[in-house]
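Two complexes, one shared chain (subunit A), two partners (subunit B, subunit C).
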Partner chain A sequence: MDNVILIGLAGVLAAAAPVLFAVVGETITERAGVINLSLNGTILLSAMSGFAAAYKTQSLLVGFLVGMLVGAIVAFVVAFGSIALRQSQVAIGFVLALTARDLAYFLGVPYMNVPGPTLPGLPLPLLKDIPVLGTLFFRQNAITYLSFLLILAAWIWLFRTRPGLMLQGVGERPAAAFVRGANVNRLRYLYTIIGGAIAGLAGPAYTLSIKPGWMGTQTGLDGVGWIALAITIFGGWNPWRGALGAYLFALLQWLGLVLQPNLPNIPSQVLQVAPFPLMILTLLLVNVGDAEWVQRWLASMPDKTRRLAVKALRAMRASPPAALGTTFERD
Partner chain B sequence: MKVELRNIHKRFGKVHASNDIALTIPAGTIQGILGENGAGKSTLMKILSGFIQADSGEILLDDRQVSIKSPADAIQLGIGMLHQDPLDFPPMRLVDNFLLGHAGGLFPNHKEVAWDIQKLNAQFGFALDPEAYVDSLTVGERQQLEILRLLWLGARVLILDEPTTGISASQKTKLFETLRKLAEQGKTIIFVSHKLEDVDVLCHKVAVLTAGKLMGEMNPPFDQKKLVELMFGKEISLGERYSAAAEGATLTLRDLAVEDARLQLSNVNLELRAGEVVGLAGMEGSGQGLFIRACCGLLRPVHGKVTLNHLDLTGKSYHVYKQNGATFLPASRMEEGLVPGLTLTEHFILAEETQGVFINQERGLVLAEERIRSFNIRGTPTSVVESLSGGNQQRALLALLRTPLSLILLEHPTRGLDIESAIYIWGKLKERCKQGSSIVFASSDLEELLQYSDRVIVFYSGKSTPPLDARSLTAGKLGELIGGAGWDEWETEQSA
Partner chain C sequence: MKKNIWINLGFQAGAFLLALLITTLILIFAGAPPLKAYGSILSGAFGSQKNLIAVLISWSPLLLTTAGVLITFAAGLWNIGIEGQMTLGAIFATWGLRLFQDTNVSPALIIAIGLLFGMAGGALWAALAGALKTFGGVNEIFGGLGLNFVATALTIYLVFGPWKRPGVGSMSGTKPFDEKLWLSTLPGTALSPWGIGLSILAVIVVFILLRGTYFGLKLKAVGKNMRSAFMLGVPTWQYSMFAFLLCGAFAGLAGAIQVEAVYHRLLPNISNGYGFLGLLVAMLINYQAIWVIPIAFFFAALNVGSIQLQIVHKMDSSFAGVLQDLLVLLILLGQGARERLLKKA
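This part shows the complex of A and B:
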């Protein structure tokens, strides 16, 4: 029985990988001050084209690279429209989300329901035999390992390196970043495209690994991008917390499936929809520290407890990059 | 470092913002740049700090001609600028603010930088915690942070744009002390201001700008009258102080106690007479904000009673206060007072009583033209409010007030305004007093408090004095109280 749960949880980790790519990609983009709202379209288009490319070339690597390329191209359109043409990021992103989705369904017709290559499992020698952890983490496939590494890499880049600090600055207060020598708009192009390319891994991660194959509208990926956008916010624009959100969401979905046979009184729709309101509830809890009554209640606490509580709330609090969605002009 | 500007020109469309400016500043000098709002001070400083480029002209540093294409170029050459609103990153730690943009390897050494901050702290007697977050600092401390950062980056010329706006008197003393110390070390300080008294006590030399032109330079001792004449092309006097206070209470506070997350204010009593002006003094965040917000229902008192025009309004909302003739003009004009994107006409329409669903554009236009004239606002009925200068925004806010009003609450009514605008604003306010409105205003400008108030309440970390007669106060005494000295008198009273 233990084993079943463990394998289930390992499945959760794998199932969360595409969401995680999308969340980390979007986190990087938004940290630079650009909202790439096209995520949902990016995922579908990269899923289709990644699968098509892998099918044609019989190379998984080409499939994933094409997915990244598609993500980068869509992101470039967002960056170009908002930086060079000074149009609303939200409008461009939203229209792209719809366009890229329909484009995927339209162009994907020839590749519907054909058997394509699938990413094989890649248990890591030695590590895979560690009890519990081995099953959870080290009997995954390459793309899931990559998702683990990505969390760490993105976090280090953002919070531990000089360029990462500048990236935060560009999204927080572009004028101040400019004074410190940043080429704000060039960095925004760069990080929007990089973020898009990472998000573009999400599509092939589905069609070449988790839900192999392309089945048009039946592929069942529509909506994932929107959830990823919400998780980016819940994650407070931090890769670790974003990853936690992605795992929580995958876990809730898995529970929905597992619990279904055990809870026959609850309509299955409730369990399928439950992850969404639960995510919203978490979002509320995370930001409760800003409410006036909480502040007052904190003020009445003894000093030591208060400092602890404030610290905890501060750690949970998530404020968006201050310049998110704005354009920068040097005076 | 010696700074020399030669024949600097800069045009923005029709406006000649810098017109043939020539200025030489020797090393070790504190150079004042004086001028009213819109005189071209900022443009000139932006040219020197690389934010914008001059259309023509030369800049020489230590007799060597340089070309400054960006702020990054400027700091490389040793020119650092402290902006009025310090260009830092509020949600980040102090060390990260230092590191951001600093050249070096991929992984910065936080410890080393924290150590550098501590060393600089010691040198200037600051108490900045490298691990603290910038948004926990006051404006004065954020200035200190920027000054240290610029010095750390090797600045030898320091430009300060209106640095005394929004900081406390003691922080100002500290800032001036620091600037003098830097000048002694041979650094060149350029101090941009519209405040005569600041320039007077600090600067070694003053240049006056008017409408993009350098009107003249003066050496100490400065003749204040002559400086004002240079700035405005005419003499300006503050005018006699007078009181319009009459009998009868407008606002009464009884044993009031208010609190927010940081501060508790208790035992406040006030009987505000019709036409009276009460000034609120104290460092930013000492309780004045709580007091004002409690006077108009924006903050619910924990204890005590608020009476407006003999009506008990304790615990009622701002709307009820407003219906009873109270109004509040907050410090942040653009954020809380005006609506960016709307024109002056639209503002006047919004402020009027609502009649039906549809907007009467013609009536609004007539109204706007009339108010623009009577309040001397430099703008047209179709100007959007963010295009107005600070002084004109404040005039617009005053023009939006309804008549009659019994209580006007203001935060920093003349912050960031030049003398002429400030005098104008107070003229309008005093007119209101004659009509019977009472005024309560918070300010960090001691002169303003003493000149215009009938009584002054001083705040110090949640404590408050009883209302003191302004005629019996001096700037020195007020400064002491704001800094927390000389409070014994009331402390024994309160504990007894």
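This part shows the complex of A and C:
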């Protein structure tokens, strides 16, 4: 019995990998001050094109690289439109989310329901035999290991290196970063594209691993990108907390599947949307502490309760990079 | 000034041609003969009276959603939740008709009640997104998106659960309503003059509201700079909320018309992307209400025409979406390019 649960949880870690790529990629992009709202389209288009490329070349590596390339290209358009042409990041991102989605469905027709290559498991020698941990962490496939490493790498880069400090500066106080010698707009281009490329791994991670194959609108990936954007906020623009969000999301989806047989009166489509009200709820918890009525309500509480409540709200709160979504001009 | 208009037009024409060029390349890449493909879109939209009527049928909800988001855009809000608001409109309209269908209330009144229920349902769903933003700090994009998915799930639950047609529930929707509860349509079609009339009326209302009223001015002030508007004494959150309610009511009406005139029942995915398409149309016309009527017609024609593409060339009908999306994207980029070039000159 324990074993069944362990294997299930190992599956949750694997299933979270694509969301994790999207969340970490978006975290890096937003840390630099750019919102890439196109994530949902990026994931669908990279899922389709990554699968198509792997199918044609019979090379998984090519599939993942093509996914990254697609993510980078879409991100470049976001950066170009908002930095060089000073259009609203939200507008460009939203339109791109639709463009990439429709392109995926249109161009993906020839690859629908064809059997393609899938990523094999890669149990790590020795490590896989550690009780519990071995089953959970070391009997995964390459892309899942990469997702583990990515959390750590992104955290180190953001918070433990000099370029990472500069990256934060570009998103928090671009003018100050500029004075310190940062080429603000070039760095924003760079990190938007890198973030997009990482998010572009999410698509192939689905179609070449978690949910093999391309089935057009039946692939069931539409919406994941929006969830990933919300998890980025929930994660407070920190890779660890973002990863926690991705794992919670995957855990809930798994629980939904496991519990489905016990709830015969609820159509499966209804359980599938359970993450979305939860997304609203978590965003509410993250943000509600700043609302005026909450502040007033807190002020009217007895001291002891208030301190507890403030602590709880502060633990959940997340503030975005100060210059998120704004343009920077040098003068 | 006059020169600027020409430059402006030039950039828009350029963006349009570039979008067409890119979609042509995409068609070639997908292995379709581009000219034949465009031809079949045209004939699919205008080739017969039946097709033209189909265009008009999808024009009506698009007019309503575009009119709605023009209000929320004026208030500086990204009402992505409009899909769900339209869906709730359809659900509430169905609910209204079901409540009264077995009573001896006159059919005309029941139909009107259904439309009002639809507007109320859309407004309610929009109010939810608005309250989440105003009182919970949840950005309307995420609140709205989440509510869209919830609305779809609610429809599926109703269609397969409490409102399922006798026997087994199916994706084809609830049991059709009695013919006397249908919104009157042109004989032999699903085109309702009432639907078209109400939709055009909505566009006119929005045009007047934003152009010629003090209310519209204040709404735009809230959208441009909420802080200054507040300082000037505009009750800002009430204005945002009102924009949500009005947009939701329009979207709800669109949903109700789909139920009462087009499908005569509730079915999954009844909003059919009209909400997002309305956002695209609003962006394409740079939020100028005067252009809603022709551009929405053009987009509706693309939608209907691309169905032909699917039948004749076995291409996915999402091609219409590709063309529409790229058009809006390039118009946005073209605007930026023009501003940049004019500034330098």
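Methods note: the second predicted complex is superposed on the first by the 285 of 331 C-alpha atoms of A that agree within 3 Å, B and C clash if a C-alpha of one lies under 4 Å from a C-alpha of the other, contacts with A are read in each partner's own complex, and residues count from 1 in each chain.
Going forward, a residue touches a chain if its C-beta (ideal position, glycine included) is under 8 Å from a C-beta of that chain, and two chains touch if they have at least 3 such contacts.
All of these numbers come straight from a predicted model, not from anything done at the bench.
Trainee: Should A:Ala72 be classified as contacting the first partner (subunit B), the second (subunit C), both, or neither?
Mentor: neither
Trainee: In the superposed arrangement, which partner chain does A:Leu20 touch: subunit B (first), subunit C (second), both, or neither?
Mentor: Neither partner.
Trainee: Residues of subunit A touched: more by subunit B or subunit C?
Mentor: C
Trainee: Between subunit B and subunit C, whom does A:Gln168 touch in the aligned arrangement: first, second, both, or neither?
Mentor: A:Gln168 sits against subunit B, while subunit C stays out of touch.
Trainee: Could you say whether A:Ala243 touches subunit B, subunit C, both of them, or neither, answering first, second, both or neither?
Mentor: Neither partner.
Trainee: So, does A:Tyr105 touch the first partner subunit B, the second partner subunit C, both, or neither?
Mentor: second
Trainee: Applying the touch criterion given at the start, work out whether A:Gln295 contacts subunit B, subunit C, both or neither, answering first, second, both or neither.
Mentor: first
Trainee: Examine A:Val12 and indicate which partner it touches, taking first as subunit B and second as subunit C; both and neither are also allowed.
Mentor: neither
Trainee: Figure out whether A:Ala230 sits in contact with subunit B (first) or subunit C (second), or with both, or with neither.
Mentor: So A:Ala230 only meets subunit C here.
Trainee: Indicate the residue numbers of subunit A shared between its subunit B interface and its subunit C interface, in ascending order.
Mentor: In subunit A, nothing is touched by subunit B and also by subunit C.
Trainee: What does subunit C use to touch subunit A in their complex?
Mentor: Spelled out, the residues of subunit C in touch with subunit A are 26, 29-30, 78, 80, 132, 135-139, 141-143, 145-147, 149-150, 152-153, 156-157, 160-161, 276, 279-280, 283, 314-316, 318-319, 321-322, 325-326, 328-329, 332-333, 335-337, 339-340.
Trainee: For the complex, which residues does subunit A have touching subunit B?
Mentor: Interface residues on the subunit A side: 160-163, 165-166, 168-169, 172-173, 175-182, 292, 295-296, 298-299, 319, 322, 330-331.
Trainee: Can you list the subunit B residues touching subunit A in their complex?
Mentor: 46, 51-52, 70-72, 75, 81, 87-92, 96, 99-102, 104-108, 259-262
Trainee: Would you pull the subunit A residues touching subunit C in the complex into a rising list?
Mentor: Per the stated touch rule, the residues are 37, 77, 80-81, 84-87, 90-92, 94-96, 98-99, 101-103, 105-109, 216, 223, 226, 229-230, 233, 265-267, 269-270, 272-273, 276-277, 279-280, 283-284, 287-288, 290-291, 293.
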